[in-house]
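Structure below; questions to follow.
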Amino acid sequence: MANDKSSMQLITRGILSENPIFKLALSMCPAVGISTTVMNGFMLGIAVLFVQVFSSVTISTFKNVIHPRIRIPTYTLTIATWVTVIDLVLAAYLPEAYAKMGIFVKLIVAFAIITMRLEMFACKEPVKDSFWDGLGMGLGFMIGMMVIGFVRELLGSGAIFGFDVLGFKPLLFFILPSAGFFVVGLMMAFFNWIEVYYKRSKGLK
Amino acid sequence: MKSLLTFPKGGIHPPEFKTQTQGLGIEIMPVPDELELILGQHIGAPCQPTVGKREEIGEGALIGEVKKGLGVPLHAPVAGKIKDIGNSVHPVRVSAPSITLTVNREAAAVRYERQAWQNLDAAELLTRVHDGGIIGIGGAGFPTHVKLKPPANSPVDTLILNGAECEPYITADHRAMLEYSAEIVEGAKIILKILGIKECHIGIENNKPDAILAMTKAAEPSSPDASVKIRTLQVKYPQGSEKQLIQAITGRKVPAMALPSAVGVVVQNVATAKAIYDAVVLRKPLYEKVITVAGKGIGRPANLLVKIGTKLKDIVDYLGGLQPGLSKIVFGGPMMGFAVSSLEVPVTKTTSAVLFLTKDEIDTKPHSQCIRCGWCLDACPMGLEPKEIGLHVEAGRSEVTEPFGVFECFECGSCAYVCPAKRPLVQFVRLAKMKAKRPQ
Amino acid sequence: MKNIITIVIRLTVSCLLAASIMGLCFIFTSNAKKHNEHVQEQRVIYDLLGYKNGAKIPDSLALHEVYRYVISGGDRQSIGYLVPQGHGKGFFFVNIDLNGGLLASKTVALGDTEALDPKTRDKAIEQAAGPGYTVKFADQTIVVTNNGKRIAYLLGGKFQGFKTFVNVMLAVDPEFTILGLAVLEHEEDPGLGAEIVQDYFKNQFKGKAFEALKTIEVVKAPIPTEYLEALNGRVSEEASGKLREQYKDKAIYALTGATISSKAVAEGVKGIVTKFAYRLNVLDKILQEQQLAVSF
Amino acid sequence: MSKQQELDDQSAAPAGLWKVSTSPHLKSSESVEKIMWTVVACLAPPLILSVFVFGIQTLLITAVSVISCVAVEWLSQKALGRPVTIKDGSAVLTGMLLAFVIPPGVSPLLPILAAVFAIYIGKHLLGGIGYNFFNPALLGRAFLLASFPVAMTSAWLPPVKNLAIFSFLNRSIDAVSTATPLAVMKEKGMVAFTEIFGSGTDLYTSFFFGWRPGCIGETSGFLLVLGGLYLLYRGYITWHIPVSLLGTIGVLSWIFGGQGYMTGDPLLSLLSGGAILGAFYMATDYVTSPSNKTAKIVFAIGIGALTVLIRLKGGYPEGICYAILLMNPLSTVLDGWFKPKRFAPPLGGAK
Amino acid sequence: MMMLVKIRYIVLAALFFVVAPLAAQAEGLIVDQTFSGKKEITVKLSGAVDRKVAENVGNYTVFEEADPDIILALGSATLGHDSKSVTLQFKAPLNTAKTHVVTAQGLAGIDKTTFKVSKSYLGYLFGIFISALLINNFVFTKYLGLCVFFGTSKKKSTAKGMGVVFTVVMVVSALMSWFFFNFILTPFNLNFLQIVVFIGLVSLTVQAVDTVLRKVNPILFNSFGVYLVLVIANCVIIAVPLILANNNYNIFETFMLALGAGGGFLLALYLMSSVSERLQLAKIPPTFKGLPIAFIVAGQFAMAFLGFSGLQLF
């Protein structure tokens, strides 16, 4: 089934039609918790991308030797390993960004999206496809985080990527954590609306 | 001064509007040319016609009876000729099987003689009640002979006659109590004999002092064997509802989904008592009754004694026609009655009033969303949650309304009356009753 | 049975594999982590001393770390200082009783990098304090010298803010006039208490003399515009110096809507400096009396 | 009209002319509009008084707030394809209440933003009137407090002197802003409080009649109580919430409010921090409070306790806004716990 | 019914942990010592003492435990009317967050009495609990466990079951993690294995609870078993060990944190479920149906929970 899927399709699927944040609604905690700036979203996105790609590839490579009965523990172990690696790397080389993300880097280990991709895709498909799939999902997550971060940073602190663009802070509310819920909720609705609109315009044609 | 009896929880005080007709004596309406007798006037199986088309029959003749199942016979109100056996407009169901009778104006009126009943046994009395076609004419239409034969496992010790007449506008019972006091008391005594008990209370709301006086006189409280007591009730709607009345008078609470006999009580309307008197003492079947015609939409409001089967249009013609501004015609009281859309509808045994309401008498505002004020919770005499039922029905989730008490609701309309958002809560309840699953 | 054995073997192998990956990564990153943390700390220090944004740091500048310990044992408590003798020369351990009298002074052979590691350092102090005494690390002060002359002290401190703790670092000159304030960690409300990290608040402390600090107050009033400009660094160094002089004995202007946070910082800073001034006095006296050749 | 004519000339009345609807055909004269407008009317006297206390600024803020709330309601209902119900007064009421709980010295832009948040996100997205979980006005205030913490905590105006009601216009707010009594008490303590606001009977009367800084809604206790009593008299609110809420605040402030136990000042705690407005107008909001009487009492006690907790231990001097917001979603839970008593259980005992 | 029994055990266990440190308080001359104000310490004594000695400021030395060399300046010492309580008035406000050491000389004839004054440890523990439950509610202010939160908050019964299971697993796994962290990871410098070890312990706990429940109480298992699977892949549960490792909590603090976090999760689920039962009746705009509206409602909850911010109970 996946054989006829090109790498491009696998990537776009993760970014658009099965976006982990807006469509699958998985791993919402960081989307709400630390998406206050584009940079935060980007950093965590990178971390997730790394863990997703490496875990997918690892599991896909060893799919034939993984005993089905210990499938889930193996996934957990794999994810935990790569999370530890990225955690250590970030703590060592990017201490400031790491401090901002706090506990969430470590919490990647409990992200449903990663386990789900391993279970649904990587344990069945070839290494190459798994890589592209992981990349797509990771990018989808990263882009989602960055979009939310963009809105919140722009409205909350009047800046983008830390650069002051508005010169004032329009609505401090948006960098408050509770605004994360609103922004994610409104954006989900917005994407739903686009989908409905798109389908309707297609139907009319 | 003794505080007046009433039920403790809920209830409302709608304006009474009774002055229009409460001073008017019962007026006998001339028989119209044609009567329309609906075959299913009571709860249970409808009657099967026992007469054929174009058959000539006399006044009081049997024209329909129930062979199988629950029911009472139907009698011809006047002498005449069966014009047709077909369908008629029905106040609730859109149409129903009926017998059309052309009145024979030449036939002499039947005269009924008083017969002694004191020597008859309960079974015989009960047969007479059944043969007289008596049903609960207060509104429910439940065959009376069944009600007077309570199940053996719940012995009855008290009879309550309902003279509360708590609905606005209606004064038919009020007038009946004034003009037929003795007959009602005697009817009560017949019922007591049938039930084999000694205690009878007649509950009358405080806004009918003359009726209380008349009934008290008729009950002869000073006589040694006085078993009929008159109890004065507070004016509050729905005082006349069975469960509320029982609680007000005896303090007993009828369990949910149970009949009054569960607490040893039988309730009859005062008009039914009069009908029982007629059937047992005069051997006159139930084919005419007193109804109140009121409202600003009719030329001349009145308390009319009409034959069952009289069509609305004949009543309208007799009482001076419709008035401008008429907005709604209601069969029964304004709280629990139903609106009709045609003047072809005939009066049935259970009709207690016909109201012609103008725009300024009714509320025609569209309803809005529930604001959860909770007034309906306070108004509900049964302690139910109408607002939740309404919200669930509106959201298309009628199936889950049972926990809020849909099946305990007797649709008194108190909730809808108080609702500031004008929500049709009773309608919601009816919808819910259709969809929700009844507990056992 | 065979199944179980395969599972166990494979699980063990994968665990070992995972552990080795993580272990390797840990080994590779731990040093980098330490290094980066150190760099970070240095940056804050030099920022406070006025060498901002990579300004050239003169070679004559030297940092000397003094560690303070609380030593308790029996029914006696004392304060122990670990004072550097100079680069690569080891440390002095000076044990001072609560009244400022000397209890003991010893040399402790401890490398500079060894001293950075808390565990090794604790052990060395424990040895120096002698048996029966427990030691507890209290704080660390950095003495800054330029050509052997003391030019500043860097003090760390933690105090209660409006919500949780505020962790700061202070630079004071030998007269205990504040040179700068850096907020390292805080959890104040965004937009309100969190403004304590802003220059216009922090810089108000700059130039406050010890005597003025002792009676410092926080007032609820808007900051005069020209002062605000100066605090935000929008005017020339000269002009801002003048303004600093002008406002040096004045109260701290509270952050709008966050008086409690502002007060907490002012009180916290006051506490840190007064305590330090007292202790330095005691330590310096002892050092002079004993003629210990410390590096600063 | 044509119906009317046909009835007039008494021709054979065709079927279907009359309204056919289910019982009851009689309805009470109360309506949502009547309730809402009555509450709005009860809020008018304090508003008028506030003009004399703080100047014309309050009227301006209230007008902006009311107009923007109504406009947002209209726009939301249009956008969501719902019938427009701006006439029912609920948006006007929200606007009034919103203006009553924000400092009178803020920029008029703030109530507009709050209106968008309160009416669109807080109410219409959740299904419109009756379906919101949180009091929209308070949600709007919480939003403003989060977005403009400085303005919302400092733009209080001192009472004007000599009826110079236009004096604050065209003046920078910074120059005149002051602090609310509870903020003074929280930050500076009782001594400073007494210094600024006086003590004893003078203090109570000036607080009761409104001569002190604060939001419009908290200044005039007297007129607010009068309005509340009128609402009670009309039966639009019941005593359960106001009495138990104010009682709880009073008792708990008395026990815990002072230096030791039982030394607090209950009267002062009731007269300050919007307790009266909250008790009579906010907590009694039909949609966001429980319907059942017992549940109402529990709900109000909860609000009172949370208010005192936030005032004494929390991060805000006033507290009642968040206390009500915190209890609002519990009203559904409480209604589920305290169901109305049924007439009688079914045979064989209750289920 | 079963749940009630379980809750009772949890309460008993909590009580034990709360009472145990209480009973450990020593007895002697000093009955009770508290900060009674910003500048005040009040000491209650078991017997009457000499007024002259007790009111002599010179007989007292007070310092913060961490700074024994800085003696705090005393303004006055007042003996109460019954001669059984002494109030020490200081010149400057005290830092009540720190433990103060008071040494009194000659009080009741005893040469030297030393005691510590600190905010009640019980209060501190309770503070941790309240903080995790309300002030820093894991769902509404820390944004953890959202997937499960939105997934299982549609029905009250599900929400309750989920919350209880979570609390139990959280407490058990947190205590185990604390043990591992303090006795294995830290001593052997294996902190980098934190994530693996903690997630392993959580899985183990879930498996253990599953097995035990299945054997001991099948009825309970039938009602709660389904939620156990959901527990593993949830950040709220792995967050507790990570937080305790970050803050170096002791076992009591860990217990309180886990209990508070679990309780907070239960509270959030319960609130959300009762609200969403009502939400299902509402006419939500079609594009907002489902998750978007749930997010917006959760956001409103989070705004309401802002009311707890800055709350300092003890």
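Letters A, B, C, D and E name the chains as they come in the text, with residue numbers starting at 1 for each one.
Rule of thumb we're sticking to: a contact is a pair of C-beta atoms (placed from the backbone, for glycine too) under 8 Å apart; a residue touches a chain by one contact, two chains touch by 3 or more.
All of these numbers come straight from a predicted model, not from anything done at the bench.
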Discussion item. Show me the overlap between the contact partners of subunit A and those of subunit E.
Written reply: C, D
Practice prompt. Taking all protein C-alpha atoms shown, work out their mean, then name the chain whose own C-alpha mean is nearest to it.
Written response: D
Item to complete: Taking each chain's centre as the mean of its C-alpha atoms, give the chain farthest from subunit B.
Response: C
Response to the item:
Of all chain pairs, the one with the highest number of C-beta contacts is B-D
Discussion item. Could you work out how far the Cα centre of subunit A sits from that of subunit B, in whole Å?
Written reply: 70
Discussion item. I'd like the Å distance between the centres of subunit A and subunit D, where a centre is the mean of that chain's Cα atoms.
Written reply: 42
Fill in: Inter-chain centre distance, subunit B versus subunit C - centres from mean C-alpha coordinates, in Å
91
Response to the item:
In whole angstrom, the CA-centroid distance of subunit C from subunit E equals 30
Worksheet entry | Junction residues of subunit D, two or more chains touched | 121, 127-128, 131, 143, 146, 148-149, 315
Worksheet item: When you check subunit C against every other chain, which residues touch at least two of them?
Response: 18, 22, 25-26, 162-163, 189, 191
Response to the item:
By the touch definition above, subunit E meets two or more other chains at residues 192-193, 196, 281-282, 285, 288, 293, 296, 303, 305-306, 309-310
Response to the item:
Pairs of chains in contact here are A-C, A-D, A-E, B-D, B-E, C-D, C-E, D-E
Item to complete: Mind listing the subunit B positions that touch subunit E in their complex?
Response: 391-392, 394-395, 397
Item to complete: Would you pull the subunit A residues touching subunit D in the complex into a rising list?
Response: 171-174, 176, 178-179, 182
Discussion item. Give the list of subunit B residues in touch with subunit D in this complex.
Written reply: 9, 12, 14-15, 168, 243, 247, 253-258, 262, 321-330, 332, 334-344, 355, 357, 361-365, 368-375, 377, 380-385, 387, 405, 408, 411, 413-414, 416-422, 424, 426-427, 430, 439
Worksheet item: If you look only at subunit E, which of its residues touch subunit A in the complex?
Response: 140-147, 150, 192-196, 199-200, 203, 232-235, 237-239, 242-243, 246, 285-288, 291-296, 298-299, 302-303, 305-306
Discussion item. Going by the contact rule set out above, which residues of subunit C touch subunit D in the complex?
Written reply: 162-163, 189, 191-192, 220, 222, 256-257, 259-260
